[in-house]
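In the two assemblies presented below, chain A is common to both, partnered first by chain B and then by chain C.
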Partner chain A sequence: MTAYLASLATLAAIFAILAVTLNFMVGYAGIFSVAHAVFFGLGAYAGAQVALHLVPDALAACAVAALIAGGLSLCLALPALRVRGEYFVAASLGLQMMALTLFSEAKGLTGGLGGLIGIPPPRLFGFAVGALPLSLAALALILLAIAAMARGSFGRTLQSIRDAESAAEALGKNVAVAKALAVAFACAGAGVAGALFALHMQFVNVESFTLEQSVLVMAMVIVGGTGTLLGPVVGAVLLLSLPAGLAFLPFIPPTEVGAVQQIIYGLAMTLLMIFRPAGLVGDLSRGRSEA
Partner chain B sequence: MTAIRFGRRGLLGSALAAPFIGRASAQGGDPYVVGTLFPLSGPNAEYGGVFTAGAQLALEHIEQDRMLKRPVRLQAEDTQALPQQAVVGMNKLVNVDRANWTLVGFTAVSKAVAPIGDRAKVIMVNGGAVGPDLSGLSPYFWNVIPLAHLETRALLPYLVGQRGAKRIALVYVDDPLGDAILGILRDELPKAGGQLVGSFSVPRTAQQFGPVAARVRQVRPDAVYIASFGAQQSQIIKGLRDNGVSQLLCSYSAMNLDSVRSLPEANGLIFTGQKVDFEGGDAITRRFAADFRKANGKEPTIYNVNYYNATRLFGLLGQQVEAEGGQLGGDSLRAALLKTRKFPLVGGTGEFDDAGNMMAAIEVNELRDGRLNRLAG
Partner chain C sequence: MNRPASMDPPLRCEGLARSFGGVQAVAGVSLALPAGQVTALVGPNGAGKTTVFNLITGNLRADAGVALLRGQSILGLKPWQVARRGVARSFQDLRLFTHMSVRDNVLAATERSAWFWQPGTGRRAREAAAEAALEATGLATLATARAVDLAYAERKFLSMARILAAQAEIWLLDEPASGLDLASRLRFGQLLKDARARGVAICLIEHNLDVVAELADRIAFLDQGRVLAEGEPQAILRDPQLAAIYFGDRPQEVA
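Here is the complex of A and B:
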């Protein structure tokens, strides 16, 4: 049971990294992206290649993954951020579709649809370490960084852009640079999550980086509470542990287990949004319909 | 308001308590556990139902025949055919349910769970995915379905020798399955007296095949081999026929789908498959077919057969290990497999190689007016 819970906690920590980094874009900077899984994937492939061909060191894998995911996001963000709001959502959707095709076709780097197998388990400075402590440490560091930035001038700049972009620009804020840096930080964090995912799973393929995965991460942010520090962590833990918990219900026949689980899962999500529209950690006064 | 608060707390409490509901029952008895990692929800859920039906019938027969000293419990985990969900399910089967035997399907799921089963020394048996890269994933990962490249090899003598189709063009999906079939055709076709005159890869998500058909026509083949799977297969057949490719079409067992059988353009299609004679076969095969029809009210498919065999194999190996006074674990079951090698299964004797791949007799079928006619094998 302990090993199972540790595996589940590792996935929850990895997805919490994804959710808090996406929340940094959505909740603090007001940049709605449905392509977070792309940078998760870039990090996973980069981390896997480092572990397979260079050294199975978690630190090296995470560093390379963050550089590649963050760097590429910067290249893509600069032109894409010229559009705002729902237009950026559409642009990110296009990026998600394009990246998925590239992941499938770039066989030399990604293994194509077959994926990369035989990724060695993580090590740190030559010593074998579990993926769970690594993931928790990475999550804690990223949360600290976000908390520090949110309290600083950069965080206030982002929040002013989120609330009134034109007003922020009129006050002399460099909107393009601030948004690009926010995207680069968030995507570098997603890259770290990807590298940890590859080392934990020891197998990656394109099916883990689809639009559905991006939507799931967005749901984690919304369920937990956008614009809050710990909300996305709560959302990630809940959305991953709920289906896992439902797998223990003993009275469901084997052929119906999936359907019943999905119905209960969907119902719980709907009820949650009815009673906590601003998310579990969000401000109760936000999100409720005024009608 | 109090009631709403209670409801929320109740919901949260139920979610937190859920992991412990099954735990008590899992520890209460001591049956052997056969775990399944099938898609039971999502777009591939139909496969999960088909796979499970075969395994359930085998468990009934194991119990009826009193093959094992302890009862066997089926523990189903929903993977949605996705690797991440499969890893969660496999971890639960291995660490919580203490599964003695697991059944898997789908290539990505198989690859994702193989390292976990390997570390825990739990046998994983695939009866659905045919990607050649599934061979040798782990000493504890076995296949009871002939992998696609073995079927392709078996088709060539018939194609060249009996149908006189020497110039073959290949339309293949751009993945390990397609790559492996391309390799087989390149290497084996000249030995059989044929020639690969063109190979055209298509992305997994492609739905339009007009340009591919034009290029196929240019190389003037005698036959076109299609290496794809799922819904794309019927789209390729229709795309080729609609765009003037009138030559013989051939493929492997994945074509045995209702969507292909009901397609008028697929008339005359030749494809290979496992040889199973439900009417005139041995007693095990006839019993399987009769009981399957009785339980499900329809004809069994090859996937039902494969997962029946995958589960029956557990009964046969477990019986052997129990008779020798051993415990049913990955090592003892593997040792029993390598010692015996040949097992009476549905469809005939199944023989396993060192890597745990089952060799099975292959037949060549022709699809004519929605029905299959055996041509060779």
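Here is the complex of A and C:
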């Protein structure tokens, strides 16, 4: 039971990393992407390969994952960010669908549909460490970094672009570079989450990196509160523990858990967006449409 | 009120032109903005005033013409590049950073670089510039309010505070005083006079001819994309032909 809870907590921390980094794009920079799971996947495969073939060191796995996910996102974002917001969402959707096929086909790197198995558990400088403290530490570091950026000039630049791109440009801000940096940081963070996920599960396959997963992370951000520091963490914990909680309810037959979960998700999201449009942690006045 | 124009106006446009489909919005506009002078850009709605700004700042591509900033061409540059060369502009529809605090709106105007590192000025100097801009625009007590929560006149002044904080040599102001009450208009006038005294070259789009008469050193009268007349305010404002164009078909414009 405690092992189960620890595993759940580790997953919550990993998904919280995904949610806070996606929120950095959506909430601060106003860039909507439904491809966050792609960079989660890139990080997971990269981290798994490092652990399998180089060293089972968590730091090395995370660093390589961050570099690959962040670097690739930069290459993709620079051309894609030239289009207007709505089109970027469409571009990210295309990327998500394409990446899933690539993940399934690039068997040498990803193990194809079967995935990568036998990934060694995480070590740090030669010592075995738990995935839970590791994930919590990574989450804390990323939250600190985001808090620092949000309060500094970079955060202000992103928020100004989100609120009025042309006015930000008229003040001398290179919008394309600022957006690309925001995307690279967020996707590097997703890569770290992926590496931790691989080390924790000791097995990864393409099913964890689907469009559904991207949408789930987006839901975590929106439910918790876009543009807030801790909202996405709340959203991640909530949406992850919901299915676990449902599984314990005796009156739901195990075969129906999935369907019930979908209904509750949908209902909760709809009600939330009506009564707290800015999310659980968000400022009440904010999600409302303005005159 | 008139100050001697410096020998070489820091911003000079010649023959700027731009059409949209069949509409010739700007048809060969030449304009010089001398340092330490307020040049009012006056003309009926749709005359092409805002488009002239958009051509100078790189928001729109010019079909023809030149725009020289201290002798160097700025046509073809991106808006952020023009801004970094010292041209600040305001927007007719303000475009405030709605969900940011008043102070952050102004601080953002002091920061150019996209990254953490802000070359040139130190953080203290930028914060001081922001505070000074808030003080000058009367927004100091509202520094923590969000832009979206401000009243109409306060929003106009926040737009001006951003311009002030940007510390540019050239200001392009698109109807910054429209809809202001008398007290606010006086405060706005003082902002402009102070900037003029510091040597800022100001171009002011303004419909209220009282404001123009009070603040402008020169007037350029624009109609259907052309400068019909340019010169001393008194001469332009008394010209019966221009008055006929200005008041003729749209008398309701002058509030």
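As a convention for this text, the second predicted complex is superposed on the first by the 273 of 291 C-alpha atoms of A that agree within 3 Å, B and C clash if a C-alpha of one lies under 4 Å from a C-alpha of the other, contacts with A are read in each partner's own complex, and residues count from 1 in each chain.
FYI, a contact is a pair of C-beta atoms (placed from the backbone, for glycine too) under 8 Å apart; a residue touches a chain by one contact, two chains touch by 3 or more.
Since this is a predicted model, take the numbers as computed values, not measurements.
K.L.:
Could you say whether A:Q261 touches chain B, chain C, both of them, or neither, answering first, second, both or neither?
P.N.:
first
K.L.:
Regarding the shared-chain residue A:G71, is it in contact with chain B (first), chain C (second), both, or neither?
P.N.:
Neither partner.
K.L.:
In the three-chain superposition, say which chain, chain B or chain C, touches more residues of chain A.
P.N.:
Looking at chain B versus chain C, the one contacting more residues of chain A is B.
K.L.:
Counting only touches as set out at the top, which of chain B and chain C does A:G130 meet: first, second, both, neither?
P.N.:
The answer is neither, since A:G130 touches no partner chain.
K.L.:
So, A:P277: does it touch chain B (first), chain C (second), both, or neither?
P.N.:
In the superposed model, A:P277 contacts neither chain B nor chain C.
K.L.:
Touching A:D163, do we find chain B (first), chain C (second), both, or neither?
P.N.:
Touch partner of A:D163: chain C, not chain B.
K.L.:
Spell out the residues on chain A that touch chain B in their complex, using ranges where they run on.
P.N.:
Spelled out, the residues of chain A in touch with chain B are 1-4, 7-8, 11, 101, 104-105, 107, 112-115, 117, 201-205, 207-208, 238, 241-250, 254-259, 261-262, 268, 271, 275.
K.L.:
Under the definition above, what is the set of chain B residues touching chain A in their complex?
P.N.:
Against chain A, the touching part of chain B is residues 4, 8, 11, 15-16, 18-23, 25, 36, 39-42, 45, 48-49, 52-53, 56, 74-78, 80, 82-85, 87-89, 91-92, 94-96, 107-108, 111-112, 114-115, 131, 133, 137, 174-176, 203-205.
K.L.:
Going by the contact rule set out above, which residues of chain C touch chain A in the complex?
P.N.:
It comes out as residues 57, 59, 78-80, 83-84, 88-89, 91, 95-100, 104-105, 107-109, 111-116, 118, 147-148, 162, 166.
K.L.:
Under the touch definition given earlier, write down the residues of chain A that touch chain C in their complex.
P.N.:
Checking each residue of chain A against chain C gives 149, 152-154, 156-157, 159-160, 162-164, 166-175, 177-178, 181, 227, 286, 290.
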